[in-house]
Structures are given as C-alpha cells and as structure tokens.
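Heads up, there are several structures right after this.
You will see two complexes here that share chain A, one where it goes with chain B and one where it goes with chain C.
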Partner chain A sequence: MSIAGISAPIRRGEFSPGTTAAIATLIAGAICLALEPLLPWLVQWPAAWTLPATDWIGVSLTWFLEGVKPAARAFSEGMRYPMDWANLALNGTPWPMLIGIVTAIGWVVGGLPMAALGFFGLLFVLASGYWLESMNTLALVAVSVPLALILGGAIGILANEFPRVKSTLQVILDIMQTVPTFAYLTPILLLFGFGPVVGLIASAIYAAPPMARNLILGLERVEPEIKEAAIMSGGTRIQQLFQVEIPSAATQIMVGVNQSLMAALSMVIIAAVIGGFNDIGWEVLLTMRKAQFGQALLAGMVIVVFAILIDRISGKLATERKRHDSRVFLAIIAFSAIFAVALRTYLPDPSELTLLAPVAESVDQGLTDFTRANGAWLGAFKNNAVFFVLLPIRTGLDQAVLPFTWGFAWTAKMSALLFITGAVSGLILAWQGRLISGLSLVIATGMIETGIADLPWPFVLTGAAALGWVAGGRRLSLWCVGLLATILLSGLWERALLSLYLCGTAVIACAMAGGLIGLASFFSPLVWKIMRPICDMLQTIPLFVFLIPVLMVFQIGEFSAFLAICAYAIVPMIRYTRHGLVNTPEEMIEAAISSGANKWQILRDVRAPYAAPTILLGLNQTILYAFAMLVIAALIGTTGLGQSIYLALAQADVGMGISAGAAMAILAMIADRLVQGFAEERRRVLGL
Partner chain B sequence: MLNDGNAAITCRNLWQVFGSGSEKALADALGESGGNPEAATLQLQKTGFIPAVQDASFKVGDGELFVIMGLSGSGKSTLVRCISQLLPGTAGEILIEGENVMGASQKRLTSMRRNKMGMVFQHFGLFPHMTVAENVAYPLRVQGKSRKRRLERAREVVALVGLEGREDAFPRELSGGQRQRVGIARSLAVNPDIWFLDEPFSALDPLIRRQLQDEFLNIQGTLRKSIVFITHDIAEALKLADRIAIMRDGKIVQIGTPAEIVLRPVDNYVREFSRDVAKGQHAKVASVMKKGSGPCGPDNPGLTASMTLDTALATCMKCYDPVPVHDSGGNVVGTVQPSDLATTLQADTK
Partner chain C sequence: MKPHMKNLVAITAAGFMCGSAIAADLGDIDDPIKLAVNEWTGQHISTHVAGQMLQAAGYKVEYVTVGYMNMYQAMSDGDVHAALEIWSSNVSDDYAKQVDAGGVVELGDLGLDAKEGIAYPAHVAELCPGLPKWESLRDCAQVFATAETIPSGRLVDYPADWGTPGADRMTGFDLPFKAVPAGSEGALITELRASTENKSPLLIVFWQPHWAMSAYDVQFVDLPLGNEECFNDPAWGANPNATHDCDFAPSRIFKAGWSGLQDKWPAAYQILSNYQLGVADQQPMMGAVDVDGGSVEDVVSTWIAENESTWKPVVDAAIN
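Coming up: the complex of A and B.
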C-alpha cells in the first residue's frame, strides 16, 4: 500500500488506495452539494435523530457521583491535613530561608547556573508581591505531586507485572491525557465541592499518566541481561523489581517526575477557574477580568518563573549524575538561616512588597499608549484576518462574502465559476499524472465554498473513513467512523465542527509557519540559536499564561483564541521539522554529494523524504497541543466544544461537561491515529 | 563416558519452542512424526512456531568445562537459558545434580540460584546504580546476609578476579574487561557448583579477551566448577573446553573433545569451523596413539599423551619407527607412528 502523493502511476483501470479514497470522498461531497437544497438534514443533523446521550450521562453520572460522594467528601476532609501542613510549612518558613533552600537545592543539582536561577527567580517572585499566592499554589503542587507519583507508579508497575492488562491501561492513560483539562473539573467539583481540594485531585489525576508512561517505558528498556542477572542472583520478584529494575530505570523515571511536576503545576493553575483560594492562578484570572493587564502579566510572569524553576531543576535530576559539593549546600542553608533569624524583626511582610507595582502600572500605561497609537493597524490586521481568512473557512465563501466586508455579494454564478476553475485545475493536474493532487484540489474547492462549519455530515464521515482507510486500513477507517457517529448521535455535531474548524485552521497556520521556521533553523544556526530558547520557553509556560498577551493586544474574541492556540501549538512543528532535517544519516548525505547533488537537491531528494515521518510526528504533536489549548482558549471567547465544557463547569452540568469533553477527546484521538498512521506508513516505506 | 552418578547437568531431549500454545504443538508434531525430531521441526516451522532448541541431549560431568559453540541464531544462548531456567523449556528433562528443574517451583528455583548456580552475561548485566562491591555482593543481599558479611565476601571475590582497589567504583567508570571481571566475581559470590557463562568474552577486544581467557582457566584450575560455556569462537572453544557441543539451527550436531572436533568432524558444517584452526595446537597425542604397549622402535623422544601434535611432531622429526607415549607419571600408555602425526594434520588440507 502506498499513500497519497507518492504512488507511482499504476496499471490502467486500477487506482491506488489514495486515489480510490479521494474519488469516494469527492463523490460523497458532490452528492451532498447537489442534494443540499432539497434535503436540509444533510447539513444539519435533525434534533429528532439525536439520542439524549448527554442527559443519560448526566443522570447516571450524577447518580453515581451522589453515591460515592460521602467517601469523596471524607477523602477531601482527610486531604485537608496534608494541605494545611504544606501551607503552614511554606508560609510559616521565613522567606529568606525558603530562597536559601531553593538556591541550595539548585546548587546540588546543577551547580552555579541552577543556584543562580533559583535565587534570582525567587527574588523576582518576592519583589512581585505575589509571594503568599505563590506559596499557596506551591503547597497544592507539593501535595498533589506525591499523590500523582504514587498513582502513576502503581499503574506503571501493574502494567509491567501483568502484560494482559497493559494494553487496556495504556488506552486509559491515552484517554486521561486527551480528555481536556476542564472536563475533569466538573465531576470532581460535584464530588468534592468547591475549594482547593478540587484542584488537588484534578492535578493528581492529570499528572499521573506521564509518571505511569515513563515508568512503563523505563522498565521496558532495562537491559534484558540486567533483569536476568537479578533473577540468577536469586532475587524474589519483589527484590528484582525494587532493588534492580526500578533503580536501573531511574533516568527515565526522573523524566516522568519532571513531566508530572509540570502537569500538576499547569492543572493547579487552571483549576483556579472554579473559584480560587488566593492562589496565583486566581490572581491572573482576576486581574485579567478587570483588564489590569500589567498586573496580569506580572502574575503570569511569576507562574512562568515557577514553571522554569521546577522544570529545569527536576530536569537536571534526569540528565546529570554529577552532584555538586554538599558543603556549599550546607553553607547556603546556614547563611540563609542566620540571615532570617538575625533580621527577623526587619524582614518586610512579603505580601506587602510592591517593588514591581510601578512596572505593572507602566506596562498598563504603555499598553494603553501602544493600542492608542497602533490601534488602527492592529484593528485592521485583526479584521482582515477575521473577515478574509477565519470567517470564510468557517462559514464558506457563500456566506462570508458580504458587501459589508468584501464589497460585493456572493452569487450562485460565482460559486459555479469557482467550481469550474477548481475542476479545470484539477483536470490539468490529473492530466499531468498527479491524479490525487487534482482530486484533492477539487475537494478543497468544495470545502472553501461551503465552509467547515457547514460541511454536510455524510461528507465528513466519508472523508474520515477514506483517510482512515489510506492511513491504517479497514480497522482504522471503521474506528474513525464509529467514533464520529457517536458525536453525531449525541447532538454535539455542530459544536464539534466549530472546534474542528478553529483547531484545523490553527494547525494549518502552525504547520506552515512552524515548517518554515524549522527550515530556517535548519539552514541557519543563528536562527536556531534564537528560536531554541523561545521554543523551550513556550513549552514550559503553563497554557493559561498564553492568554494574557493576546488578550492585551486583541481583546476577547475568536482571533485572540486563534493566536493563543497558534503560539502554543507551533513549537513541536518547529522542533520536529528541524530535527528531522538535521538527523538525516551522514552516509546518505555523503552518497548524495558524491552523486553530484547540490544543497537544494539534497534537501528535496534526500533530507525531506527521510525527515517526513519525523515531521508528521511533529504535526501530530501540534494537533494534540492545539486541542489542549482550545479548551483553555474558551476562557477568552471561542465557540464550539471548548465553550460547552467551560459553560458546563460554570453550571456544574456533569452530563454536558463529560459529553463535550469526550467529543473533544474523540476528535483529538482521531486526528492522532490518522497522522500516526501516515507516519507509520512513511517509516515502513523507508524501512525505518 | 560419564554416567548419571557424577553428571552435574543432564539434558534429555530438551526442546524450546517459541510461539503461543507451543507445548501442545510440539507434542502433536512429535506424535505425528513418530518422535522424529527433524520431521517435528519442519512441521513446527510450517505452522509458524520457532523451534529454537531441538531435542538436545548431553551431560556435563562434575568439574567439566563444557563449551557450546555455534553461530549467532543457532540456539546456544537459548539452550543455556533453558538450563538455568531463565526460559521455561517446552519439553524434555534437565537434571541439575540429579534434580529435575523443568517445572520446578519458583521458590525452589530461587533457592537453587541462591546456592548452586552462577551466571555471567555477554554484556555483563551489571547493575548501573550499584558500586562494584555492591554488584558483587547482591546475590548475598537477596538472601538477607548482613552487610558486613556480604561486603567481606565481595572483597574476597573481587580480589580473586584482580580488581582490588576498585570496590567503590561504579560500572560506568570501568573498562569493558574490568566490567566483565565484576560480572565473573558476582557470579562466584555464592560459591556456586554450577557456572553458566554466556559468551562472556565476546564483547571484549582480542588482547583483553586472551588475557581474561587465561585468567579464567587459572580460576577454573583452582575452583573446579561444572561449567556450561557459550561461545561463537572456535578458537576460544578449542582453547578452553574439555568437551565441545556444536550447534546449528537449534540442533546439536556434534559433541566431542577438541581433538575429535578438529580431527573427526561429522559433517562439512563442523569441518568449515575448524578449517582455519591450526589443528596441531589443539589435537593431543592421545587422539592418534595406539593404546597399550605395541611394537616400538629404539628411539624414545619422550612423548606424553597430553602433548599437542605440533610439539610431538617437532620432537620426533628424525624418527621413523613407532615411539612410546607416556602419561604424566612417566608410564608408557601407548605408541604412535611419527608419520601418522603429520598425516593427521594434513587430512583436510587437500
């Protein structure tokens, strides 16, 4: 089997799977388009055909949740103690002491650079005046991470010891990570009631999968001979596991700890949406709502500082074996203790420090000036993007082209002209032997005319089935159709298409821009030198913080959401594109050079095909990132599933929250499997 | 030949077949073919199973150094893993000091590993998070021996393999040769009677390999373990072995002393192996002499039964009549015609 675009011309009368799939999709589209005026249910799934699945889920879940509520509440009461202790420990310790401890830990783990990072990072937090809020957030992380590690560790060991349950557990882990973060919150909210415990539980659940995954991976990768040596030494299974296998997998496990920490921090901050308790996430949300962007930015920076500190220090644990001199560690701690005791009466209360308040104010002022000065072109930029790009993709040229924006009205004649142009170009391409490109062009023309949000559902199902068939055969095809059908039946179709539209547009934008930046980073080391820390930074920042800058400049609305999604989702595309291009085996390059290929020819004929599977994986990551951000972006104005999830949270509507979350997860999983299928196929073709 | 009384390890009709439901498939295949292993193997391969070890039978005597040699994929590593029960074995019998370990309980196996068996691995299998001393002491740690006692024993064995002073190093700080010394020390920590070595020197440089082989022979000279030694290197096999089993595609094709393998290969496959080997260095006088005190010429150049053919040939260059052969005590045990020495060596070089 070969995939679209690479299939060689085949015997007359026989099409490659790609061609067959494209033709099937085209026919389905054409039929729908022709019948649309007669049969409106082709576009709009009739409400009468909808199963009240959302209500069923709501009723049965509520019933179930009511049942376990007493236990949950008791657990929540129990968790109060460790949370109080963590709070007491972090808030009760004088701040010089805490700064000293973090600096000292930084020293042991990573020497002077890490110590400096810890010291100046916390100094910034102190100066920002958000010390108290930060410590509240940290206390939550400090309690939720051990819970997540225990939970993830237990799942990982279970999967390792019982191969039968392994595949089931991996599916569960997949789902735990694809279900959008907000969707978790609604049932947990019902179970545990308002309060910090919700954030705690949600982040413990959200942070467990990375730990489980890395533990499974690490244990799998322990050399077989090491495992055998443990057996031959006469260890019992428990001894083998805990004395040999787990310690041997320590590096991979530390990667898991690092990812768990970051996930927990991200979730704790997001959980502020349901009502804060004076933590830093709440502060960001509050200031954002009041349009105090200077303050919001400052609080956001505090989050970023914590994210970087936690990430870099725990990341060092996974990579470096060297530990630095412990005497310096003790000296730093001793010094900070003496400092704290000696100056205890002079120490200012950290929450009254407002050293950076003027900065925030001037940012606000500067922003006002900036928008006043540049408002015209910023507004024009935004409007152009919305009216000429986003809206046509969403509702199609037939509805987006209005006299008010485009200066003329769309007529049926124009549609006909567009289709004819598309068909003729498609025919020309087909004539040149690029049958699949020609067919795809015609399909794309139809989609632009109709708009993604108005696509007839039979067309979408056929398209998904066709893609699934090409990417992974009959099973994947059926799987895609089956899952999409559940969305259709549950009545979430329109919202799903809206989500698909925003995500798809963002992904395409990311793929183009990220691909280009990746290419530039490949050619120019200087570009990469600049891009690399930016990418690191963008990947470390909790999702929430992305909203602040776009909101500052473009206000609430779909365009801001679009930008926030792009900013977050572009990183994998850049990284993987460059990585794929750089890592072409040296031998192949040398073979190409000695065949007399120039730099461009090597790129086109050797590096690009070889990098294709890697770049596809980057695209896959970009898609998953986009879906993750989509829900967060609902905070600043999107329509579709994200909004439903967010609203369900506000109304404590479990049925809607879970169904919309599941629909979102379904979309993400389908995209994931399709792209992975294509990547797998490419790898197989290359014999990797 | 050896009998069961002094055999440390006895394998009878041992099979290891990979694939789910292999036990039944093997029983069926053997039943259909009337117990013919070749036919059963073909049958199994046809139905998608992998018969990695087929009908292996051999004995390893007490204190014997038994080498299993074969190319990669010939099933030699699988075979040693069956004997040590790292793999369960599909059918057959494995007696270790008379006790059948096929189907023995995990508990019994663990106890045997703690007292009777040691194993050395090709890529060392050292625990990366433990120091040399902790690695070596690990088999004692799982038995709950006190820290003091096990580190004391570790020091002894580490000294035995010549690594004194490196007790506190981590495996990553050692060279390949040093790492394998740690592996050897660990396998000897519980002073086992039975010693498995799975290509222990294959991952090492030629020079280091020779050095370790010599030291290994020295250690074996004093400890007299019963050994199953796996290798793909015919020179190594000939140098170390008391007896050699040659494996091909999961089957043992020949078992014999180094001289038998070199001088009387059963088929072309075995002959190919020994082609580039200087036979004179491996075959002993004992393998060509006539036993008993036959007619002798007047010369007595002082041949002994354990002398290699090369040395013997050099000593009796000028003799034409049969000469006597002595044992290590100086008694005459047989005679040899000097020209036979030369013909034996030339047998294959036509």
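Coming up: the complex of A and C.
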C-alpha cells in the first residue's frame, strides 16, 4: 500500500495521520469480517435502500434536453457546413492530387523521409480500397480536432488565469474523459439529431482534455524569469500570455495537440456506431461483426496510417524551424496535377481496388494457424492467470481456492493460518518501526481472503476516507466518501466493485510494465523506435480489431477483457515516462555532470525527481484510459458498469446510461485524486 | 440453405395480396427516400431489394448507414425514412417509445422466417455424442467447462442487451451450465470460428437466417416445442419447477418507417408495406455476398433482374 513510508511519527506517543488512518481501516475491516455472517447487508447493499436516482436523472435530463434541443439543433445545422466543405474538398479532389499534396507537404516539413512517409502511407490507403471511407473519416477529424483544440485551449487558459476555478475545471476535464461516450450517446442523439455531427461532438468532447491538461502543465512550467521579463516589457496580460508564455510552453502544448489528434481518431469508431456516415469506422464494425480479423485490421490500419502521418508532420512542424526547398514542393504538386488530368480516364475508381485483399486473407489465415499451433499453451497460461491471480483478487481466497482450481478446498483452518501469518508479519514490521507497513499488510491479508468484489461497503468507505485523509486532508476524505455513497445509493455498488477490480488489476499491470518500457525507451533509442509506432497503433487503431484475436485465443471472459484494457491503457504510461526522463533541463544535467555524477546517479537524483510529475500525469492518464476501455471490454462480455452502459444504450434509457457513466467517472476520479494527492506529498518531501 | 427450413413465405403470395390494393400517388419523387442500412449483410440485402423496387417505381433512393439500436430517434425526426428488417427478438425499447410518440409506424412483416435456439458447430456432436438431444447436455456439461465456469459447463449467451434466453433455458431445464453473455455479435462469431477451427467444444445461442449457419455448419439442439404456458406456468414441461423449459418462441421480423412516409410518398408507403422477402431468397444472396465476396448492389441487381415476376406485381399494384 502506498501509505507506507510517507510520513514518520512526529512525536513519541502520537500517531502520524498514516498510522491513524491505517488503524481505523483495520478496525472497520475487522468488525465487518466478524459481523459479515450475521449481517448480510454489510456485503450486499439491500435493494430497498437504493434511491430511484436513475429514474430521477432520466426524467429531469429528458426534460432539460427537450428545453435546449432547438439551440442544439441549430448548432448541428451550423456544423453541417464545415463538414460538407471538408467532405467536398477531400472527396472532390482526385486521388493522385491528394497524394501529391500530402507528399509535397511532407517534403517541405521534413525532407525526403517525410515525403516518402506521406507518399507510401496514402498509397497504402489507396490500395486498401477504403479511399472513399477514409476521406469521409478525415473530413470528420478535420472538423472535430480544431473544435477540440479550441475547447481544450480555452479550458486550459481559463484554468491558468483563474486559479480559483482550476480545481472545478480539473473535475470537468476528468468527467469529459471518464464518462464513457456510449453513456451520453443517447442524449447527444436526442439533442443534435442523427448524423455525423453526433460523432463530431462526441469526439471533440473526448479529445479536448489532453490539450487542456498539457496546456496547463506547460504554462505552469514556464520559467518565472521569462514571465517576469514579459511583465517588465510592459505587455498586457493577453500579450504576455500569447506572445511569451504560450510560445515558451510550445513543446508541452504540442504533446497536447498530438494526444488530442490521437484521441479524436480513436473516437472515429464511436461515430460509426451511430452511423449516418459511410466512414472507415463503419467498415471496422462490419468486418468485426463477421470476425474477419484480416479485413478489420486492414481497415484499422488505415486509421493508424492517418494518425502516424498527422502526428509526424505536426511534430516536425512544431519542433523544427528548417524548411525544405519550396521548388520541389511546387514540382510535386504540378506533377500530380498533370498526372491526375492526363490519366483521368484511366484512373481506377479507388473503391474498386482490392490489392491488399490477399494480404488480409493471409493475415486471417495466419491467425487461424497461430491459434491452432499455440492454443494449448496459451489456454493453459490463461487458466493459470485466472485461477491464481484474477479469481483470488476478485472473489477472495475463500471462494477461489477449490478442488478443481487449486487442487484442494479452502478451509477455515487455512483462513486462520493466513490471518495469523499476516498478523505476525505485521507485528514484526511494526516492531521494526514500520508501523504503517505492518498495518497495511494485515489489511491486505484481509482483502485477499475476502476478494475485491465481496468487500463490505463500510470497509471500502472507511478505506477510501482514510486514504483520502492521508493523501489530501479532510476535504479529499469527505469528497471520496460522498461520491462513493452516491454509487451505493444508486444501487450500482456491486457492478462498480466488479469494474474497480478489473480496472485496478489492469492499472497495476500497466504501471509496472509501462514504466519499465518507458525507461527502456529512454535508454535505448532503438527500443523507442520500435515502441513508438506500436504506441501510435495501440492508441489509434479501433480496439475492436484486437478483440477478434484476443477472443480467438482466450475466449469470452474477464481475462480477454483484462488484456484488452491493458493494451490501451499502457500507452500513456510508456509515453509520459519517457517524455519526462528525456525532457530534463540541460542545465540541471550539466550541473550534475560537473559535480561528477555518473549516468545512473543522474537518472536517480536528477532526471527521476524532475520527471516524477510527468510520470504521475502518465499514471493519471493510464487510470482514465483503463476506465474508458471498460466499455469496449464489455463487448467481450464483462459484467459490471460497462455492461450497464450497453444495456442503457440499447434501451435508449437516458437515466441508466448517465448513472452508470457517472459511477464509472466517480471511481476513476477518486483513484486519480488519491494518486495526485500522494504525488503532491512526494513533491513536498522531495522539495520540488 | 438448410434443408430443414420450412414455412418459406413465397414472395408471390404477397403479389396476390396487394393485387387488390388501390393505386396511390407517387408523391415527391425529387426528394430521395432514405433507407436504413444496419450492421449485417442480410439486412443490406433486404434493404437494397426494397430500394431497387422503389427505384423501379420512379423514386430516388438513398442508403444511409445507421446503428440498428439507435435508429428510431433518427426515424422519428425524418432523417431516415424506413428500416426493412427489424427483429422482434432484439429490438430497442426506443422503438416502442417512438411508436407511442407518433414518430414511427410499423410497416408489417417482412416474411422472413427466423429461428433461434441453443446451437453448436457440427463437430461438437463428436465430443458430446448424445446431441442434438437436449438431455445429453446434462452428462456432457464437463466437456464444455472452462476456467471461468468450472465446475459448470459454459454456454455463450446473447449479448446482455439482447436479453438472456440462454440463461433462462439453462435454469428452465435445470442444466449444469453457466451462461456467459457474449457482449457483441462479433464475439459470438469469433467463438464459432475459434471452435470450428480448433475443434473445441462450444455451446452457443444462435439464430437463422445467418451466413454463419452454413459457414460453420451450426446445428440446433432439439428442445421440446413450447407454447405460451411454458413461459408462464412452471408446471408445464420437463422441469416442474421452472418456466422456460421449452424451445424459443418464434421471432417476428418486421418493417418500420417514418410516420410522414404515407403523406409524402403514398405509393412508396404501399410498396414498402407490401414488400416481402423470404429466407429462400435472402439466404442465397447472403451467401453470394459473404462467402463468394460479391458486392451487395451487384448481387441484388442480379436477383432483381431474374425475379421480376415476384417483385414487379407489388410495385405495379402501387403505382398503376
């Protein structure tokens, strides 16, 4: 447990906050454990105690939506114009022309390598036969990303200028990122009407927070001297902000732009669920429905190609001032125009091309061969992971240890032995002066015995309150309890615990693996060269695509869902770890070198502490991503909140969708606030 | 085509039916009629046949991709004008709401005969020799057990938002199986594919007409034919203590449209209302698209050209 070692006892005979919190949690846990057989309502919140909040939300929201509907419909009429223009521009231009333009832009920005990337990337799209669908998708992204950047930028600047609203804005950002899009699709549909505009708005909402967060972080990090210089040169506040501070935060802002683009592209599939737009996401959905992995991957790769192109070109544009010869630019454009005009009658219709169909088929065949060859040991691996890790964490040792899983049955004697071992080890730790570690160990023993899904709610509430108190004082503590209580009262508790268990295990796995990969990418440029496109792919390819091979090998169930969540949520951890380590200011490194520090010492004493806030931002994003993936994971049949959201979507039940979405957001936000609270504490201890 | 498919509704019957219909105005032929294209091939075929019939009558037709579960709001707003293949076994609650609100109207049955049931790929009969008798599942449960369901067998059920017919049957027949919701149709198909390719055991809730029925040689478990009592009266059937100890109730496949359809395009309303498409026609076209790789437009155009006698009367009755 992360309470350990944060603060030492202040005075003899008086407990530190950490110790008090741990003792309170332990007592609550012990009481619940003792009373559990007598009072079943400790574990199962009785249905009679729940408030019909879902219905209330449904009724009041529907009423509210009807009220603002005219304005929303007007907005969507207005958005139709830029959408239509973008569509017309992209679909009206002959394909050789478009390939020429992108290649030429690539040349100007990054010379031959970029030009080649643009050329071959679009050639791939052309060969895939999804040209028309891709252009429709690009039109959507072309309109939604500026919308997201403006929205995110506005929130970021607002938070920077008015520190008082900052915490409120942070909550709004969290809500935007954690309430799953599927939860509010029904209300958006009702508000804005059917069509691509719905997808546009959904993706803008989802893509704005990374921009806002990075803008806030970037502005915070502008050196005080630079700010002072701006003030002294006498500019207005607006001038200071736009001419000095934002340009100096450019690198961090570009991370935000990049992440916004990726998020917008990853939302393409959501737009497709509603339809109204013959786009690439729709193709992915169709192929996914037929379990055609090769074809689905091909369609998904088209999105990845766009993501990589946009990312690399925008990255170069931001970091490098050097521009390549514009005569070549004009020559490429002129050539492609001549090509398009001269051969216009011979040009194949891009929708008719199926050059890559054989590749897709062989990929599909490859998957078949792979599952046939490796199914046995992968199946055994899964069984072990389920029997010995996932099942015990979920239902506890008392229910997970059975003759046909572990080979023997769990007895009361074993429980007693487990508790005695836990208590003795705890005592030894306490004896050595590590009181909090000892207490945490005993609490953890109790949790393993019970399982997360069966934790009594008074224990969870006390635990959250205790953690909140240690991490952020009384306010955070009350905040945690208040929010958890709303889940309890809304009757979604059981589902929420299941979601918590699945996300929690995934986040821990991602934090460990992602941190290590990020570290390796920092040390070895080669590793980063390999990891970077993989990260891009994982973040932008519609994850539906990967559900097919995961299901082929591991079947419907929690383990598949766990893998799917990890695949998506690990990316920010890798990215931010590396970014934080690489971007330590040169002066600090030089100072360390001149004082004789070696590479490892620099990493440990200079880079790591400086990178800590960035890495924690990565962890925060990993938590939010994991919760975001819960809904997609529900497509492979998890129970929990994700499933509720689908149920609500199918029944067009506004209240249930929003309640389940809110419960998910609450869990994510509590986890996030606790992490940030501890991070703050760490920073204070390190004197940052 | 499955040989045991019965009750094929011949499209010619529909021709006679609407022979008596009164000819109607075409209405606004400059504005395209928007037909919903949902997520599966069978629906694409049903929609394109209807679309080509409307075109033959002189209408402009636009095919709009729209999510099956979320289309009724759009239909009620008049952004989509008709959906030609709605399954009663899996219809969004929103449909009833929009019909009540007056934005959506039903356009009658499509005439497609559907069957749902507990199913398995053919090779599973070797792993559980008593199949297709349902009683044999009791002794075979261990064969179907996995890490998540042990010691019970595993039944892959419909996604939770389609209902839980599989779980209901397992309790109904008191079989030692745990029903696992699939989450999506893609997951169901992937399970079928993995099972067929690896020759692994699989028990799944499935339906026809569906292209996967023949692609993975899916067979239904024989369940005792039920009636209304089976779903209400526990005493009925093999298990005296539970309802649902019988086969699935037959599901209805119907059409629906925007409530303004009749006023704006009277003849189109009549054509779509009388339009029928049987399994015998739809299933071969599905095969031509999903197995042989043809495009929906081409396959349907060929069918339209070869089967004029079946669809032409419906169009003629409406416009002449």
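Following the convention adopted for this analysis, the second predicted complex is superposed on the first by the 483 of 688 C-alpha atoms of A that agree within 3 Å, B and C clash if a C-alpha of one lies under 4 Å from a C-alpha of the other, contacts with A are read in each partner's own complex, and residues count from 1 in each chain.
The criterion applied here is as follows: contacts are C-beta pairs under 8 Å (C-beta built on N, C-alpha and C of every residue); 3 or more make two chains touch, one makes a residue touch a chain.
Just so it is clear, the model here is predicted, and its values are computed rather than measured.
Of the two partner chains placed by superposition, only chain C is touched by A:Gln651; chain B is not. Contact with neither chain B nor chain C is seen for A:Ser203 once the two complexes are overlaid on the shared chain.
By the touch criterion defined above, A:Gly235 lies against chain B but remains apart from chain C after alignment on the C-alpha atoms of chain A. Residue contacts after overlaying the shared chain place A:Phe194 against chain C, while chain B stays out of touching range.
Contact comparison for chain A: of chain B and chain C, C touches the greater number of residues.
In the superposition on chain A, contact is made by A:Pro247 with chain B only, not with chain C. By the touch criterion stated above, A:Ser76 is placed in contact with neither chain B nor chain C. Judged by the touch definition given at the top, the superposed model places A:Ser16 against neither chain B nor chain C.
Common to the chain B and chain C contact sets on chain A is no residue at all. Chain C contributes residues 37, 39-40, 64-67, 69-74, 77, 79-80, 92-94, 97, 146-148, 150-151, 156, 159-162, 180-187, 189-194, 197-198, 200, 211, 290 to its touches with chain A in the complex.
Against chain A, in their complex, chain B makes its touches with residues 81, 84, 86, 110-111, 113-115, 117-119, 121-129, 138-139, 141-143, 183, 186-187, 190, 196.
Those residues of chain A whose C-beta lies close enough to touch chain C in the complex are 185-186, 189-190, 193-195, 272-278, 282, 285-286, 288-291, 368, 371-372, 375, 382-383, 386-387, 404-405, 544, 547-548, 551-553, 555-559, 634-639, 643, 646-647, 649-653. Chain A makes touch with chain B in their complex at residues 223, 225-226, 228-236, 239, 243-244, 247-248, 250.
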